[in-house]
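What follows is a pair of complexes built around chain A, which joins chain B in one and chain C in the other.
Right after this comes the complex of A and B.
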């Protein structure tokens, strides 16, 4: 009996050791899947509400079709992934897997609370953003490997739009680093004491970061890479079965990671932790997750409101509007430091 | 070959937004250098089939090419046939025809708006358009008994009288549509993204529109106030007041706004028609006297027409007749040559979509790949209607 208890204890300890908990449970793989499950269902439900219909309903009717995506995933798993003859097979098959993986990587750099993290680094913000930047390159490869004109156009669109959002995204993130005087995500949260959330201190950076997050993950109105009525499914036109499922999930994962970063940089991260939930790491993790989910809901709601921009208009917004604004946010941060609002 | 700069992009017929047709697009980077429509995928030989059918059987046939606009197609054919037969429908039937035609116009414009929405990426407008078109389908069902292909208009009249309480139901429906149009304005027509996508895109100049023979809302959006309902009034239109929606810009946005304005005008027409509708028979006196007294009694109590036996073998005298009506997508022309038998010798229908197909080549040029669906949707082009 004692042996069993100690075994149980050992497994629990192992599971709750940061280097396993972070990549595997929160914010890593398990939470990623739960978030995808929830947000795609909620997106469809929300859009359905606006569009005068029910949305997913019949899979687990008591909960309003909440596990619709499990059914979809099962269908994807058992559908034949058709690999067209003229494709670059290795790149074609590995592409979606790498894309999904690359979207999940950055979660390792994200701390769960001040004392609970997988890796502590002075530059964890840069690590997270840098790891995120792998995705577009893989999308480009997919677009080329598919040997389809629509895929090619979609891949090129991804390339162009990456240039337009990646630079301002880094600049607005770095403006917050300048404001807090650190690139360590934990210290960033620690600096946001009381009302001094990043959102209130530097709203310019927050707005640009949020818009760029929408842009980088093909959310409306920037759903340009996969624009269905123009280029079918963009780079992912030739995919079917679970490989397509992965490409679709990847953009949601990326959005989730960006929302986590946004919550940490602008919304006080895991603070304030309610007193009845102070058990580290569960309490802070829930607070962080809740903030990110609210942001994600906001992001996916755009689908019900906006049509999509043209690629040239999106590029213009990226280069002509967001880039100057994000540079402005750097100066705003510097001004705040000079005025002594932040220590 | 090494000097080739452009890529040929085949859009359709298996493409989410191509419709039943194929577009050959020659693209240079993101710029469409040339676009050629390849039509005929849903050609159903309506004209040739009509030569083998009896006159009354052609009514359901001409409705098929354009489901959303069946009443106008039906009306156009029957007007031509009535010219051949030398009969005219009584005033009450004329009003009922007008009401159904305008209901179909609303239905068709909502349909077009929804399709355009999904082409621009707005799934909300797609769902709204297809939900709100249901109102007019439901009202048409109350009037005619069918949801889409009514075959309501027959030579010499219509098949059913107004059902009880139709006026109040219609008023409710129209008020609902008015409310909805405000929502459309907020969410779609004044949406900055929509405006960025449509304003100044695919501009059709006035001279070009006239030269190319464009018809319908596409023509009126370029500043030509040409509407068959005003130019050559038919049915009850001369007695009804309405404006022709015209805009000067000629771009995709103008084409959409003209349609929205036409929905408003159609509602005005329906309201007036329901108020002014005269009492009387719904079938021409020529046919009414052929119906046995027992059936006549049934007709008067139920408000439904029993076909007189002669309708099965209508034999118009030798000659030819042409009719034109303003269908939802533009001017619709029917031309019938009769050789005195029970089937037409030659039957010709010129649909508005067929006359507008030339716009593909003219408008989608020197624009971006993303503009192809934006302009396509704004034209409200309907492949089955063009292919017949």
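Right after this comes the complex of A and C.
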């Protein structure tokens, strides 16, 4: 009996050790899956409500069809993943797995609280953003490997739009790094004392980062890479079964990671932790998750409001508006430092 | 102010207005009719499936001629074929309908000189085979099958609301 208790204790300790908890539970794999299941269902419900209808309902009707995505996932799992004869098979099969993986990787660099993290690095912001930047390259490879005209067009669109969002995304993130004087995500949260949130200090960087987060994960109105009514499913046209499920989930995971980064950089991260939830790491994790979930809901709500921009319009927005705005946010940060608003 | 203009401020205002409209629609009640549980009352003169009265049919064939989808067809009377030969009068032809082709335009109902063909307020019938949807004159006469629901549905009727557009309220 004693032995069993100690075994249980050992497993619990192992699970709550940071190097396992962060990649596996929060903000890693388990939370990623729960967030995908929730947000895709909620996106469909929101769009349906705005269009005065119900959306998914009949799978567990008491909760408004909340486990619709579980049913979809099961369907994807048991559907046959067809690999067309003319594709580059290795790249075709590995592509979605790498894409999903690349979207999940950056979670290891995201701290859960001041004392709970998998890796502590002075450049953890750059680590997270750099790992995120793997995704578009893999999307390009998928687009080429699928050997399909829609995939190719989608892949090229991804290539174009990557150039338009990646640079301003890094600039607006780095403007916050300049403001706080650090690239360590933990120190960034520590610098946001009281209500001096990054959102209030540098709203320009916040708005550009949010728009670019929408753009980089093909949420509306920038759903250009997978424009369903134009190029079927963009780079992912040839996929079926669970491979398709992974490609669809990957953009949501990337959006989730960007929302985590946004809440850390602009919304005070895990602070303020309510006193009844002070148990590290659960309390801070819940606060961080709640903030990013609110952001994600805001992001997916755009589906109900906007149509889709053309690729040239999106590129114009990226290069002509967002890039100058993000450079402006750097100067805003420098001005705030010169004025002595931040220490 | 600068609404609708393509200045940066005007465009920003337009974006905010779009989002505001979306949020406003979140709080408007839904207009879905939950079909198998709720069934909409059909109005007078609804173009549903078609009933046929052989007693007053004069076999003029106009319905088959007017049918734009080629769903109506005249069939030779079966009984006269079976007897065969025995100083029979010229066999008559009667219409049958193919519901895989019918577009429910109601031309046949309009053109029928004796009113032998008319609509009934049934439109939600499922067939289990392709052949079952082709009604020979004999089946055509018995009319479309009865609709069966698992549970008796609530009846609703549409009402035009000046503010919200179409809404549904319980019938009777």
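Brief remarks on what is shown
The rule we apply is simple: the second predicted complex is superposed on the first by the 343 of 343 C-alpha atoms of A that agree within 3 Å, B and C clash if a C-alpha of one lies under 4 Å from a C-alpha of the other, contacts with A are read in each partner's own complex, and residues count from 1 in each chain.
Rule of thumb we're sticking to: a contact is a pair of C-beta atoms (placed from the backbone, for glycine too) under 8 Å apart; a residue touches a chain by one contact, two chains touch by 3 or more.
No experiment lies behind these values; they were computed from the predicted model shown.
With the C-alpha superposition on chain A as described, chain C and chain B clash in the combined arrangement. Touched residues of chain A, counted separately for chain B and chain C, are more numerous for B.
Of the two partner chains, both chain B and chain C are touched by A:52. By the document's definition of touching, of the two partners only chain B reaches A:149; chain C does not. Shared-chain residue A:306: touches chain B and chain C both. By the touch criterion stated above, A:228 is placed in contact with chain B alone, chain C being left untouched. Shared-chain residue A:220: touches chain B; no touch with chain C.
By the document's definition of touching, neither partner reaches A:91: not chain B, not chain C.
When both complexes are aligned on chain A by C-alpha atoms, chain A residues 50-53, 304-306 touch chain B in the first and chain C in the second. On chain B, the positions that touch chain A within their shared complex are 7, 9-10, 15-17, 30, 117-125, 127-128, 131, 187-188, 191, 193-194, 196-197, 368-373.
Looking at the complex, you find that chain A touches chain C at residues 46, 49-54, 301-302, 304-306, 321.
Note for the complex: chain C touches chain A at residues 8, 18-19, 21-22, 25-26, 28-32, 34.
Within the complex formed with chain B, the residues of chain A that make contact are 47, 50-53, 149-150, 153, 220-221, 223-224, 227-232, 303-313.
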